[in-house]
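One structure, pasted below without further comment.
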């Protein structure tokens, strides 16, 4: 029995989530081989959040800004995995010509405005992009992502207040993956339900299951439609879980194996796969076919990065000023 | 297809990791994200999560053993798959790694030289004469050079200053503003003869100008030339770096592989003619060695048993012809390798050689550019050496020693005639190459050199 | 030529730029209904409306970041900080986002935003409200930092700053707002990165910017009576810095003092002094001097707060010292 979604749409979601996962698995491997350095924050486990929410956008007029765990958002916005991997490699062919790295993915053409390495620093910036939309009387929206670690920064609270008083079309999405680096969010938050924080600013707040890509899609789609019609901010706490450590050097000893395994049973990819099988849209072979294609794409991205040139030293002084 | 599971950097500073425990064994199915083993890093014991999927076909690094980042610790693939190719590749990798040790020790060598330079500097401040000082230069190390140079400069400066000050007792420097010094220098006057009117007697512009107006001008002073002394006489130089690697590798080869030697003389008239024509047509001098490499590659194609290596429990017939050529360096010897010679033309080989030799002399060769030769050539002809025997360079099992080209009177059909001749000596490892096999190769090589068109047969 | 205040010169610049380009907006605390804490934006709300002249809550990090975001998305915001003291609350937005977005994106983005407001010591305001903070911005590559000392320069430089495609930090001063000077009618622009010789002289060069320019001029006038000829180089923009004009002057006079009103440790002035020592070494007849604030927080007591700051007397004294004419 077919549901309300087309096979094509669901396959796109599945492919996006698989691309994120395979891309990051490969990135982790290349990090281990010292091809990639510095901070590398993986999104594995959280795929449904970026995939489901960005699927609700029209990137001709909408914008995306996020924090340092930004590979997924860039890929779902349509950044070429080759260009993304090359940036991790620090190569000239990367999205930021090798000057940004993992935390600073940008694709201005596709309205993906970063990638920000300072916790919560992107939230006022995203709010400012909302101001531009409002000032120009456009019908776009901004998706502003951040983690549970950022929600206690002043920048979050200041931004919510500004967005409300100026009626800005910004949808604030807190990806609550349960841990701000190594700290369980319950240990450092006055409230366990973040969605109530928005009500303090007169903004509707809602909790969403971030392991179910369709639930994310539906919730964000509704908010996007409302914000387009009548500009105003929204807030979502999307409950999710990262399988890997905070960054590559984090062995994640602050949580139990049982907890991790329990969450892995709620894997966003498996949930969507199950749904699609139920609807008769895919089977093992169909799934494997997409997975193989994505894996191939990721290997090509690595080959591309390996064979790409390093930036010249002369480039040091380029793009400091416009 | 079988894939290698490689050791990854599981801490930012780790260089090697020890497998504490395998949680999956040979024959086990693994999926992406599965913890397959525990690895002790320099910091902690970490879980190794696989990104590979399939069946573990072989565990390469056992429990309690170390592996460097990038080393293969296991092989994964489909059940029953043939992994001999991957295993051979790993074995060759290990061989290369042994050679790469050379690179590591070289750093050590420069450290030693650096320390020597430091010592030299210390000696200098202790007041030993300049001649002794500059023995530091003979280590031929840039660190030592720069240390020595800075000593030279400070020596010159202090000489100059004591001359300028005219107070050899070293009572102190003349205080003068930079501008005053410059004016004095440009006018060629001795600033010590100018009386300063600035703070604490500093000589300033107005003082020098006043002095010039007064017309007093003393003789300009000259700089003392310091001559460098060089020499190894009487010095003991520690065996480090490249010298150590050369010693170890060549001793091992000579002591472990049973060498035997085959010699013959070839006529090189046709080769010289072919080279002359090629030079003319491309407008540059193509190196003689490029021809040698090409012809050796052709002869190896006909005699693949010679393009092989001894690995204890098996002999590998190498998939490509990678020819090393011995290059003398100031402080040692290195053998850059031209890969896939069997596929390259003479001009390609010439270009490769030129690049490699340039990089070798600059000390910029990467380990994979000077290791893994399946055959090696050593040419001492340019020194006038008529013939010699060379030590085999593993993993290859044969090395060709090339002597000088000389005109000699030979009998051709009973008539004495003058011919250009060259002597070739092939050293072979008898474990891999039997006498007749080596002989056939050398004969084929002779035929090709004497009649280059045969390379096309 | 009209004589107008520094305050009006700035307002004219904003007004003219808002008139010619509807992507220019002004936001900050009290800029709209209140007509500006220092009345710089007087009348602009009435003329351009609340969509373009925007009152913000006391939320420096928030509205500074909003300025950055609006600039990234294509507007040309002018963000008014009520004073630079409060900009410290927003420092992350300036350093992490305004200054670096272009570089980190490999040139994909630009951030045409102006952050402006009063900087430097005022009177009776004590330590948190009376300080010169230009160096913490001048330190950051990716930012431009502009420091006019006259109404004429303020107008021409602000108009250029608003049109610039980079984030510009524009330094004003509570004390300067009432200063008057000649400003021609009609449009003119002063490019960023061009110093101006405010007075020609032959014995000693004073390099300065912003409010201390006035001290330099007064000291030069008094020194002239004593037979000392002072040249004043007003750098006007700290970043980019017109080094050549400075060097040309110092190579002529062979003596130099740098005058500023921030603390001396790692200041803009100490940096300029280093540049001169390095690039004019063979032309110096005396060490380069620095006249700056005493290295202490600003006290409230008026006698003490004056003692902390540079003064005409201090400038004269140090001029004589570099001329080896100590009294």
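Think of it as A, B and C in the order they're written, each chain with its own count starting at 1.
Criterion: a residue touches a chain if its C-beta (ideal position, glycine included) is under 8 Å from a C-beta of that chain, and two chains touch if they have at least 3 such contacts.
Predicted model only: the values in this text are computed from it and were never measured.
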| item | value |
| --- | --- |
| Closest chain to the centre of mass proxy, which here is the mean CA position | A |
| Greatest separation from chain B - chain, by CA centre | C |
| Chain pair with the greatest number of C-beta contact pairs | A-C |
| Chain B-chain C separation of Cα centroids, rounded to whole Å | 57 |
| Distance between the centres, which are taken as Cα means, of chain B and chain A, whole angstrom | 47 |
| Length of the line joining the C-alpha centres of chain A and chain C, rounded to whole Å | 41 |
| Per-residue multi-chain contacts in chain A, two or more chains | none |
| Complex interface listing, chain C residues touching chain A | 25, 51-52, 54, 56-57, 59, 61-75, 77, 92-93, 96-97, 101-112, 141-142, 144, 165-166 |
| For the chain C and chain B complex, residues of the former touching the latter | 254, 281-286, 324 |
| Chain C-touching residues of chain A, taken from the complex the two chains share | 63, 65, 94-100, 104, 106-109, 113-118, 121-133, 135-136, 154-155, 158-159, 161-162, 165-166, 318-322 |
| Residues on chain A engaged by chain B in the complex (per definition of touch) | 25-26, 28-29, 31-34, 243, 248-249, 251, 264 |
| List of chain B residues in touch with chain C within their complex | 177-182, 197-199, 204-205 |
